[in-house]
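Chain naming follows the written order as A, B, C and D, and within any one chain the residues start at number 1.
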Amino acid sequence: MRARGARGGRTALVLALGGAGAIVLVALLAPVLAPYPEDATGAAETAQLLRPPSAAHWFGTDELGRDVFSRVLYGARIGPVVAVAVVTVSLVVGTVIGVVAGYFGGWIDELLMRLTDVFLAVPALLLALALATVLAPGPVGLTVALTVTWWPWYARLVRGETASVVGRPYIEACRALGLGHRRTLVRHVLPNASTPLLVQASTDVGGVLLVASGLSFLGLGPQPPTPDWGLMVEQSQNYFTTHWWLGTFPGAAIMLVAGVCFLLGDVVRDRFDPRHVPRPTQRA
Amino acid sequence: MKRARSGRGRPMIRYAARRSVLSALVAFGVVVLTYLIARVVPSDPAGVWAGPRASAVERARVRAELGLDRPVAEQIVSYLTGVSRGDWGLSVLTHRPVLTDLLTRLPNTLQLVLAGMVIGLAVGIPAGLFAARWHGGTVDRLVRSGALLSAAIPTFWLALLLQTLIASRLDLLPIAGSYDRAVMGAHPVTTVTGLPLLDAVLTGNGVAATDLLDHLLLPALVVASYPAAVLARMVRASILDAVGEPHIQMVRALGFPERVVLGRFALRLAWNPVLQLTALIFGYSLVNTFLVEAVFDYPGLGRYAADAVQSLDVPAVVGVTLLVALLYLAANLAVDLAQAALDPRVALR
Amino acid sequence: MVSARDAAWLQLRDVRVRFGSSDAEPVVRVDELPLDEREFLGLAGESGAGKTTVGLTVLGLTRRAGAHVRGSIRLAGEELLSMPERRLRRLRGSTMTLIPQNPATAFNPVLPVGVTVLRTLRLHGCSRAEARGRAAAGLERVGLSAAHLDRHPHQLSGGQLQRVAIALASALRTRLLIADEPTSALDVTAQAQICTLLTQLRAEHGTAVLFISHDLALLAGLCDRIAVLHRGRVIEDRPATELVTAPHADRTRQLLAAAPRLRGLPVPGPRDRRGEEPGDENREARDDGYDEEAADGASGP
Amino acid sequence: MSSQILLGSRPTYRRRRRVVAIVAALAISLPAAGCSDGGARADSDDTFVYLSSRGLVTEWDPARSYSDEVVALSNTYETLTRYNAGSGKTEGVLATRWTSSKDRRTWTFTLRDNVRFHSGRPLTAQAVKASIDRTMRLKASASYVWDPVRSITPIGKRKVRFELSRPAQLDIIASATYAAWIYEVSDAKDYYKANARGTGPYMVTSWNPSSENEVQLTAFKDYWGGWRTNQYKNVVFQAVPQASTEAQLMRSGEGTYTGGMPPQLLDTLRGRPDLRVYERPSWQTLIGLMNTQKKPLDDIRVRQAVANALDYQELVKASRGALVASDGVIPKGMFGHTTTLDLPGDQDRARKLLKEAGYGPGSGRTITLEMTYPAGEDTVRTLGDLMKAQLRPFGIDLKVEGLAWASAQWPRAKKKNVNERQDIFVMWWWPDDPEPLSYFRNVFRTEKEISYNLAYYSNPELDRLIDSVGALTATDPDDAVRTYRTMQEIIIRDAPQLFLGTNTYQRVLAGDVKGFVDNPAYANVVFVHDLTHH
């Protein structure tokens, strides 16, 4: 039984790492891999409107005759990149705020945590929705809107970890020895918080991708003719019954990438934190 | 014994009071936050109000009528006092009080979310239980990969797939909307609770109930997908976590069949995390319905919000945000209190 | 050994328990271990000797943890090892049950203890009213009252909880108790109380007890016989006083040396506090080959 | 509803019900659903269900209404005359006949007998005056159509005389889509709310904003036109945002009419015996207004180049039936329309012009143009993407942005700083009354405060023609036609506008509906009383 668990773990690891690698490769090599790269950047081929999948067009063509396969490949350069950017920036902002709150405690902690409470009380998709209408539609606006909604999660996580570490004797010792705040934080507090953060971040890339795609689907993300997956599904909405290939492939791409991220999160968690009871990743 | 009982009651009350005050504070923060965001929007509410082809004169008239010519600070203050009195402003799109609009839409969304959560719980908990029971086996692997997939599937895409396959191709369920006009015309539902489906059931209006259920099923299934996945994972993990506990060993030694050991004793430990999760999922699902309603043309808050966002109907956008945040806070508060009631150790922490 | 022992009420014979694969090194290799009705058998041995595994194997609970069990365990002439789970389950609780090591973790922390007690009685055929009555009677016998049923585990002391467990066994009229270091987590007074209650139980229902402990002094004062387990083997199995006063095996001597306080005295005495360290329990559990979740959980909340 | 539809839809309906019954039994125990399909659908027979993609009514006041609610209000209110786009003539509604002086400055309308308002009060000359006076006084909606009117005088109960300040075709003005309704006047608060104060064939029974069945109308018993058995006695306006849902509702027989449908979905409805597709060119033109005040489109050569670089045939093809090519500013079927204009579309000329202006491939300078269009327009979005592709070989990078009309696209076009405005503004234009003047006056006449002249175009010569052509239409129609031609030639020459195409109305109706005429003078309006079924 133990053997089987280990084997299952290894399969998941291979799947997650292989999948993540493949996604990165596709994003990097999209211009090389895509059979019709110009279709992703604003070409049109009115002689090839709405052709079903074939040898020439693996995923068919869309309402402007563009190759869906090429556009889906190029899509790996938009949604996932936005997601990684959002998580990275949120991680930095959230960590700083969380560490400050957890380390210093007192009224600073109270103030910062009530602030995060306010942000957390508005579901992320809704807040991002409101923000995305304010900001210029596009990948950058999307990234900003999502970052504003995402940092509180990390702030709270880091604050908790920090607070728990700060009480331990060796940190007291550090303080007693007169080590500076910054040094204590960077050397002793942060490393302790990094594992749960890493786990959360890898899962969250998938979560952010889903929310970002949702916003795109509502028309608040990148604008046409950007081959963003969420946008492609939205554009295919009225074609779904008659031309299934327009929306099916981009949607599947979102699912695939999100799935790989979640799996990666699981794998990382199993490695570093086997006793963890999963907390839901914020998706809305 | 007396000491123990009073000792149990007091922390409970103090705990409830503290949680309520905190929730109220957060709610106030949400109002300010949403209003600030909405105020940044460079919009022309008077233009929306007066219609796409209104003249400049007409727009100026409307601007004065809506008080939009006053300083922004004054507008915020009057908005905040209004909200506290139940006046959430007028929607520039529908020309009606925002609160009235929201309350018209809320029952449908609530109905959808609740149905989704019920399905999510009904599927997720047993799935997690089975996975834990046959831990490491085929069932477990199926549940785990199923949960992974249904968490990773984009809601709107799942909605489109189900709509196309089940409603459009197979014609098993209605493609969209919340009821069939003809059915409702012949069998109108008497309002009791405000939730149409529940009302139809309560008043014994079988025809209407069937029709409402027809329309609710697909969207609710989509809404349920994520809750089911997370709950399954959580229940599985909690049970596996509990299985090694001595008290589980103990009930096994007392002769309980494994079904009861896991389903009653181990699962009971998962109640608290499940509850906590349920509140979180509730908030998530509330907003997730925005995407689901967009696909299924379900006339709830989500579609109202989408319309409002599209036309930058500021009072409506702020109103939706506020309402959802309040619902979410209320759910969290309720769960916190329920948790404390279920596990007295919580209130003591 | 004497052939009369073949007719013992509980008889373990050639029992081999392996974890992992069926050809792994067995962690329990008991060739013979009898226990009669009303008999108190002490099972001694250092940590990792396989004491708990023997106890759980008798209850049929090692199979669940993924163990491969061979040999024969007969209870009142019935073979337990080949018994279908469904029948075995019925024996648990009613005929044999466990008195847990650390009572604080042996009751579901979110349920009042009464829920477990009443549910168990109902499981074994009591009506609702009957269960209440029996539980109340059992509790009174151990010096508690029915009101304790409404308490959550964290509102009761370790001794009280252990008494609840014994009250339950008494209410169930259990014939065989596997007491797995039942007093290791308790203070001296509570320890003495528990031992007294176990003796009372024997007097009332003719209960036999398999008392697992590494504290030979404690066993010597309580048990009729003591078997010493080393690396899964029974290296010595003799009447208690005999074994304590004139141990044959070196290991037994070492064990006696580890409990030097009251050598030979038949009085339960204070003991070291090792058993309270979660790490120690973990080690034993893991040596016994439990799967990871089980081992992890054992450290308690 | 025809038996065909019932027969056609029933089996699927049953099947659906069975599945749900199973699910229902599993999910909750419902009271036995003793339902009969026939009973449930009984009311659909004389109910006309109008499906529209969005919420309908924001304004009930007939003097202020200037938006989508027109489709409902046109069935509850009536005008003096109605324009027949087929014959090009006005027909009497509340007026039976009208005369005008030779100089077209005095008009007298005779009212129909026995017309009653929904309140039961009779229609009088005094009421006509009161309602038009109020509409003019409020200056809302399209009240500007009445601008030529100086005074209105009732003559007895049956006659109304209009004195004009300049010659005008008042019978046409009186048939306008907006602001021409005759209604009862009151200053009471909420007098015009969720009800109708008119003479039309239908009265409002319910208004549930933000619900699916937003507005319900029912027959006005005392309507002067009378009622026959096979007319629709009820009208429901149902909001259905998704086109795919509309298609499904039409297929299942739940919808009677839908006005717009993407081509791929329309194709699935064609050829069904229970449905009928009506198509006809409309007066709704898709125009791109080029910013004549901002670089680089302030250069007339660049504007002409852009206009010539586009392949309009390809755009029409990509619209797959939603558009036909425009013949000029004025659409087909309207006064002043001509097919003999020399429209742009010469790619070689585009290259030459760009070269002259110092742009184009090889010049090393790319032109970046921002084009905005009203969000939510699928067809326009597709065209935008295609235009981007078409302009690329010319060294023009077109950035296409769909923006919400009222809150983003229009406000942005009116920004103070010219450089913050868009380069090309795409919108639909259609007239408020059946005259071509608004295609010029509203869009290209010099504006002090920006309203619809979103090319920010100013040409004194065109202004002068715009100011005179109205009166000319009334007095010398042939000269007016010539003037309109000149005006169109000016627009083509100065190129403030891209002629992207003219919308084709594609309506789907239940197959048993008889008497449907799509009148482009009343965009999207169905005059339900005119229809019969069975």
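Annotations for the structure displayed:
Everything that follows uses one rule, which is that a contact is a pair of C-beta atoms (placed from the backbone, for glycine too) under 8 Å apart; a residue touches a chain by one contact, two chains touch by 3 or more.
Note that the structure is predicted; figures quoted are calculated from it, not measured.
The minimal number of chain-to-chain contact steps leading from chain B to chain C is 1.
Between B-D and A-D, more C-beta contact pairs are found at B-D. If each chain is reduced to the average of its C-alpha atoms, the one that sits nearest the average of all protein C-alpha atoms is B.
In whole angstrom, the spacing between the mean C-alpha positions of chain C and chain D is 87. With each centre defined as the average position of its C-alpha atoms, the distance from chain B to chain D rounds to 39 Å. Per-chain CA centroids place chain A at a distance of 44 Å from chain D. Chain A and chain B have Cα centroids separated by 23 Å. Listed for chain C are residues 296, each touching two or more other chains.
The residues of chain B that reach two or more other chains are 41, 163, 168, 241, 294-295, 310, 312, listed in rising order.
Residues of chain D in contact with at least two other chains: 242, 244, 375. By the touch criterion given at the top, residues 1, 4-5, 8, 114-115, 117-119, 121-127, 129-131, 133-134, 206, 210, 213-214, 217-220, 230, 233-234, 236-237, 240-241, 244, 247-248, 251-252, 254-256, 258-259, 261-263, 266, 275-284 of chain A touch chain B in their complex.
Within the complex, the chain B residues that touch chain D are 41-44, 47-58, 61, 93-96, 101, 104-105, 163, 167-168, 171-183, 185-187, 201, 204-207, 209-211, 213-214, 217, 294-295, 297, 299, 303-304, 307, 310-313.
Those residues of chain B lying in contact with chain A across their complex are 22, 25-27, 29-30, 33-34, 37-38, 40-41, 136, 141, 148-149, 151-157, 160-161, 163-164, 168-169, 226, 230, 233-234, 237-238, 241, 273, 277, 280-281, 283-288, 290-291, 294-295, 305-306, 309-310, 312, 317, 320-321, 324-325, 328-329.
Residue ranges on chain A touching chain D, taken from their complex, read 42-44, 46, 49-50, 63-64, 137, 219, 223-225, 235, 237-243.
Those residues of chain B that touch chain C in the complex are listed here as 1, 4, 135, 240-258, 260, 264-265, 268-269, 271-272, 342-345.
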